[in-house]
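Chain naming follows the written order as A, B and C, and within any one chain the residues start at number 1.
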């Protein structure tokens, strides 16, 4: 179905695009606390690199802080490019599901960028205190499909 | 010109982004029939890999089914990342032209993803039975430019 | 904050997406004058490849014309894929800041595409004569970070 033709859906998509873009840019700049704050307090992040999901902002921030310090020591910059995002209509509780493709690009000084990972990202987003936040994020890697 | 500043253009873009994202995700998951249903009944698809365009849902679905079976046998996942989409204003008949860039990324188990193809995609989209569909799609590959 | 929930922000984003997509497509097709016209008359472009910013349409067009002629002689096609765009709310003077990620993909005949550069693009956009234009653009390369 052509589910939505209202301006409301366009506003939703525009907001979520900004949310996702900012969130990825915070992650890539290593701003661990600001990135963790884009999740709900007990937000769940199930990345492909860990056997168990991470839950809660403190754990989320700690993970990014450690990963970013390691990359900085190696002189590597990472970018998370989120594209091809399918934003669903909001559910009865106002949450919004989004499936998107995320390329992870890694670059070292004076070297060509490498396409490190090709991922699929499934989000459940909610509005909390007037802000979009991730309640649940499940990421899969194509090389482990 | 700043052609359009109305909410209608924003709604159009949001709908078309969802259409494209879902369509690429259906293709990559190998859901041949659902993908073919995103074209009009006599929809035309002119891919760079074939000497003649494919026309009609049955032929479209058959092509994707065969290609996906081959990739599955080889253990390869493909993703079509559609970005940089220029959505034109609707024409007099309501059809909408969109030019976008499509990266095709191929990944095998335990291997790094490869940027397989860089393509330009020219679509003519129409609304049929309340749904966006592709009436014509022309794809060119940069390595055969 | 969930800064904006009005249809106005969605319209702004849709227009800017079209502007950016068309601008990148003009650049990649080598249409130097049309590309330069997407900057204000005295628009500033600070690319990572030059020691000093380029200012003004004549200089902008000359740079693209020379670069495109060189690539054409080498049989190379380049694509600028702009994604993950964070569009800020307009400032008091109506200008809009956008931070986005740009992949530069280079392809030669019968060869696989290469991810040539991973860049961050910071724009200041304004409306002039009813059209969006770049007043300032700062681009950084991850391999020179």
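Criterion: contacts are C-beta pairs under 8 Å (C-beta built on N, C-alpha and C of every residue); 3 or more make two chains touch, one makes a residue touch a chain.
Composition by chain, UniProt nomenclature: A, B, C = Nuclear transport factor 2 family protein.
Treat the numbers as computed from the prediction; the structure is a model and nothing was measured.
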Take each protein chain as a node, join two nodes whenever their chains touch, and name the resulting shape: line, ring, star, complete or other.
complete
Same or different interface residues for subunit A and subunit B, judged by whether over half of the residue numbers are used by both?
different
Between subunit A and subunit B, what is the gap in Å from one C-alpha centre to the other?
24
By the touch definition above, subunit B meets two or more other chains at residues 7, 10-11, 13-14, 83, 114-115
Over in the complex, which subunit B residues touch subunit A? Could you list them?
7, 10-11, 13-15, 17-18, 20-22, 24-25, 77, 79-83, 105, 107-115, 127, 130-132
Touching subunit B in the complex: which residues of subunit A?
1-7, 9-14, 83-87, 99-101, 103, 114-118, 142-145
